[in-house]
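Just dropping this structure here.
In this document, chain identifiers A, B, C and D correspond to the written order of the chains, with residue numbering beginning at 1 in each.
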Amino acid sequence: MKELRVGMIGYGFMGRTHTNAYKRLADFFPVSWRPALQAACGRNEEKARAFARTWGYARVETDWRRVVEAPDIDLVDICAPNDVHAEIAIAGARAGKMVLCEKPLARTLGEAEQMVEAVERAGVANMAWYNYRRVPAIALAKQLVDEGRIGKPFHYRTNFLQDWTISPDVPQGGAALWRLDVHAAGSGVTGDLLAHNIDTAMYLNGAITRVVARTETFVKERVHALTGRTEPVGIDDAALFIAEFANGSLGLFEATRYARGHKALKTLELNGAEGSLRFNLEEMEYLDYFEYPGVPGHVRGWRRIHVTNAEHPYMDRYWVPGLVIGYEHTFLNTLADFVRGLETGERVQPDFRCALQTQKVCEAVLRSAREGRWVETGVDL
Amino acid sequence: MKELRVGMIGYGFMGRTHTNAYKRLADFFPVSWRPALQAACGRNEEKARAFARTWGYARVETDWRRVVEAPDIDLVDICAPNDVHAEIAIAGARAGKMVLCEKPLARTLGEAEQMVEAVERAGVANMAWYNYRRVPAIALAKQLVDEGRIGKPFHYRTNFLQDWTISPDVPQGGAALWRLDVHAAGSGVTGDLLAHNIDTAMYLNGAITRVVARTETFVKERVHALTGRTEPVGIDDAALFIAEFANGSLGLFEATRYARGHKALKTLELNGAEGSLRFNLEEMEYLDYFEYPGVPGHVRGWRRIHVTNAEHPYMDRYWVPGLVIGYEHTFLNTLADFVRGLETGERVQPDFRCALQTQKVCEAVLRSAREGRWVETGVDL
Amino acid sequence: MKELRVGMIGYGFMGRTHTNAYKRLADFFPVSWRPALQAACGRNEEKARAFARTWGYARVETDWRRVVEAPDIDLVDICAPNDVHAEIAIAGARAGKMVLCEKPLARTLGEAEQMVEAVERAGVANMAWYNYRRVPAIALAKQLVDEGRIGKPFHYRTNFLQDWTISPDVPQGGAALWRLDVHAAGSGVTGDLLAHNIDTAMYLNGAITRVVARTETFVKERVHALTGRTEPVGIDDAALFIAEFANGSLGLFEATRYARGHKALKTLELNGAEGSLRFNLEEMEYLDYFEYPGVPGHVRGWRRIHVTNAEHPYMDRYWVPGLVIGYEHTFLNTLADFVRGLETGERVQPDFRCALQTQKVCEAVLRSAREGRWVETGVDL
Amino acid sequence: MKELRVGMIGYGFMGRTHTNAYKRLADFFPVSWRPALQAACGRNEEKARAFARTWGYARVETDWRRVVEAPDIDLVDICAPNDVHAEIAIAGARAGKMVLCEKPLARTLGEAEQMVEAVERAGVANMAWYNYRRVPAIALAKQLVDEGRIGKPFHYRTNFLQDWTISPDVPQGGAALWRLDVHAAGSGVTGDLLAHNIDTAMYLNGAITRVVARTETFVKERVHALTGRTEPVGIDDAALFIAEFANGSLGLFEATRYARGHKALKTLELNGAEGSLRFNLEEMEYLDYFEYPGVPGHVRGWRRIHVTNAEHPYMDRYWVPGLVIGYEHTFLNTLADFVRGLETGERVQPDFRCALQTQKVCEAVLRSAREGRWVETGVDL
């Protein structure tokens, strides 16, 4: 049994989900590496200390450099805001640590490219936490695609709808709301929500080659939580784009935080000549599948698969058929695959290079929206 | 092209649905008999006249005997309250008319037996309007059962839930509310709602042999619409029963008018060793089907069949795939089958003898509820 | 009681739905004009004759000019392929007839403009059959918008998905498949499907001002049903666009005939600051409504309205709560409103001028797809 | 911070779910008692050792008596088969330990009564793991009932449907399949599934006073896993009953392992004069709520509440709105409440006395099925 000594940078929402995954890994997956919660790091010492106490980290740091350089850390996990991803990841790679990074990889394509270069030069294990690939229903979707059940693809449509920023009284910036501050986040829903959908889309349907996009900032100015001043809003509140995939199918993407009634509605649908697939994160235990060949006309229909059987991806590790797992297990599944990769030497996806492709699409979306024209993504899968 | 001259007794809700079927038959079904709306009959002359004018009946009667005896009438259709079904049907049969009767066949088993005897002695075509057999999705369910797709049946559960009599201020009796008056209706939800579910159940799953039931009258007295006096309520507001089917499966039945939020929720589910079926009248365009044999474990699920294709029962007569028909078409489909029976000589079900079996179950349900014990139905299919 | 003498041009799918509406109008709506089926017209005399016999048209014509000029015709209804809409409508208007025209109004904006000019110059009643406005659930959606329940709108997304042309063996052209022949149809899914969605969108959410679109023809050549030769396919198999609405909200539109598993999935969703609405034609009895203000947080959710009550648009004309009507009733509801307009003098929408706005958006979509850039629609509502 | 030293008896499915709860409690709930995994006990030493290693128990025992008597154990948790519940619980109580017991409390009412007597005489904290009370959606249902939103109740219907024993080739007995062995389990679906539904029902709708039931054993004999011989099956494969509640409403209950297509479908619906509630365990993130008073007729409908907000029970402890938790969290929520009870001195339900009431209903169901008559439950809430 080897120890995998974790240095966690950040103690927010993602700090919790990742830590939960480390703590539970060995309870559910028969892996030979056991995560050890070595250090938790955050700028606010009091909060970092409370976080470490709750979850059981051995020590607390307030300067991420001390984590990156510590000899007793094997793996640096970056759960801090987007504006420090690049700097920490590059330093981590240089220090020879494994580097895991919460998505999106970076604020900009430029930052992301430097991160890829750093981990590849250092030859360290690395991964971006696009956790939704490991929703069992999405992993099953991938399996059905790989089994040839969808056939030639024609359409891919997906969205990610939330409603939490409709009120103009929500401030921007600060620890809680850095996602609304363009300096910390790099972009709005494009990096926060669309990036997830792009990663899943390219996982299931291959490279996105061209896009035409429209973004919108519905609330033009908000109070900044740190300065107390009303300042212009720099992020995109909504982002929509039409995509061309390399395989000839057409994509339709939408993300917004202004869709009243949706809290985390992430849906996707893929239509091919032989079959179709449909998923909705708000009821993530289901995958809908329409099978065409060989099904008599009078019994054709969308099949609602309750993805909770031992035959389904990851589900043999949990309970019994019919009983659902939750959002947090997607991180656990992701970590399990990463650690198995350490054992087998296989490079588990999405690594930084893979996440860079998603970054390219995000960048193309933002540019297309700015310039009002079709833009090539340059994705290289 | 032969004429089928119709004498309609009653001008209420069912008078409308049946008349609509007669008027539209030839537009949708290639039949050689064309219904002619010869006479409409009702006790309230003014209302009968308005009804006849709207729908185009050639003449109006206020005494049903004049319809039954008229030489220019081929078919008597009974849409009057339950308390006159037997008398009219027997007279119609004696006069040599075809007799169609809205369900339930009668208030009591005794009445129903006399009706069966009358039509069989007279040798006239006869049918009870258990229209839900001809919901395309239910006809498809029957087809799937007949194809052997369900296998050995274990369970059948069904209900019919409404909420329109919750208020104690709803009066009983009179033209509009005779269904609440035990003298006119014979029973409450047992004859009105359960009878439908029993007919569908025996159509799909065979004879019901024994029942144990519980009925309830939640509102004990109501103003009578005719007398203006508060009188005891004689009907059952709710009726529940456990059933044994001849094939060894168990049934669970429930009907009520006190299920807040349901207007006409009629559901059924059949579980067999090889597959299961599920239906809900409020979204009657769907049949859900779970197929077990030959389906790989990772893609098993309930298939939601949108029953609107030409491959589906009756649907080749209507529009194009994906476009739904409505409640009223169940009457049209029923009539089309009846008329085809006239052409081919085949006895179309449910005839009076078939409807008598449902009456036996209703009677057993009411007796079981009264006596608090299991009761044999005596059903003879 | 006035007669409304109908001359029907075309006997296909739409000829049937419109005729059904004329025949049933007086059964369900208390109108003072009674449609009379005066003449049915089609190029194929045998088929026209069979159509007329089934539905009861008084006479048959094979030259539409004879219908348009007949003194015993009050209203010309155009259900022929798109390539003859303009010619017939203009002639009808000149002859002083009321003109109803199946959608889309025409193949091109130019044709449509001439049609508008003709009916306005002649001062004749006119309407385009965008029947989905009169789905009770969509009419209810409009009512909720008008009641202010949605508030400031942010997003509108809609699609119309079919799968019937995936096989390259489906031929193009001829009586049955003129929708695949660009000469007869003018466009593919843009005029056939998107036009419906555009009309509904502008009905609910106001003018579309700018679009960026992408169309695709997945199957590049098909056998032509008339010539027997393999010929290039000129229509768009799929069309997607991003839209700007005049009210500041963003739209996302998609139509295709290559979405395996969907036969006539027409959905829409509108998100506003105060509430959201969602509809799906395949289960057209429902409208989903999310209400925000005044609802305590712990009971907020999407409300599934079963649009079958007397309180709902049009539903007081049909059966009882809980019982659904079908696709065909949307035409009946539309006709009822048109005829009431004749009685009251009110101009019922969508008239030709209104339908012209939809045509402008279609034209902008096709141009944007061709030119790969944003295009102004010029819609003038 | 106090330690809560746990002795776990059993290492099967329930051993895992409970242990998971103990391990995670402090990560999610701010409690002052911290569970310590002191001892795991099982008859098969090898399996017990593997279980302890995976989950981190400090030591292993193979004789439960050694756990019960150990001075370093505060709490005995019984996850062994039903036939040893009573003996262990009674010994645990006598030894002054807190006793938690997996449901059903016992095989028979007699055993259960002795257990209640033992814990009450000893004055030790005790609870039965009816975990479904702490599904957030069910806890929310209870809250809505308590807020008076349902009004006078009329109907309660519930079922628990599985399909895993349809094949006659499934053996009975042994470690894995003791639930099919009447000697180990006491009953079949009555104790295993119905007990859950009865507990939830009485939690939401009060005492069940009378029942009439029907049970069935579809497969009459199975190979016994231990003896290798084909032996008669003693358990009930299916159990259905009609219930009277003390509040005047009627209940309908069904449980089976022969409902093809259902793995763990546990549904409930409650209809009252003012509103209705509906729940389905297979999509446990939702609660459906129909609100009647004060809602205008045209927008009435079932509201689908996605129970993932901080306003919802327990959900403030987990992630962010829209993100679901899973089955296992119901145990965590239950444990959190139990431990809070230790802190506050409040007796958390369902304690053994409360679970005894469910046992009474189970016993009445089995007796009613045996004797074919209505039976009083004697429930005393």
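In the analysis below, a residue touches a chain if its C-beta (ideal position, glycine included) is under 8 Å from a C-beta of that chain, and two chains touch if they have at least 3 such contacts.
The model shown is predicted, which means the values in this text are computed figures rather than measured ones.
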| item | value |
| --- | --- |
| Reference interface C-D: repeating pair among B-C, A-D or A-B with over half of contacts shared | A-B |
| Chain centre separation in whole Å, for chain B relative to chain A (CA means) | 54 |
| Cα-centroid distance, chain B relative to chain C, in whole angstrom | 36 |
| Centre-to-centre distance between chain C and chain A (centres being mean Cα positions), rounded to whole Å | 41 |
| Multi-chain contact residues (two or more partners), chain B | 262, 302, 306, 309 |
| Touch-based graph of the chains, sorted into line, ring, star, complete or other | complete |
| Of chain A, residues touching chain D in the complex | 13, 16-17, 20, 23-24, 26-27, 54-55, 162, 164, 262-265, 281-286, 306, 308-309, 318-329 |
| Touching residues (chain side chain D, partner chain B) in the complex | 154-155, 157, 159, 161, 163, 166, 212-214, 216, 218, 238, 240-242, 244, 248, 250, 252, 254, 256, 258-262, 271-276, 290, 292, 302, 372-374 |
| Residues of chain C touching chain D in the complex | 140, 143-144, 149, 289, 291, 296-306, 309, 311-312 |
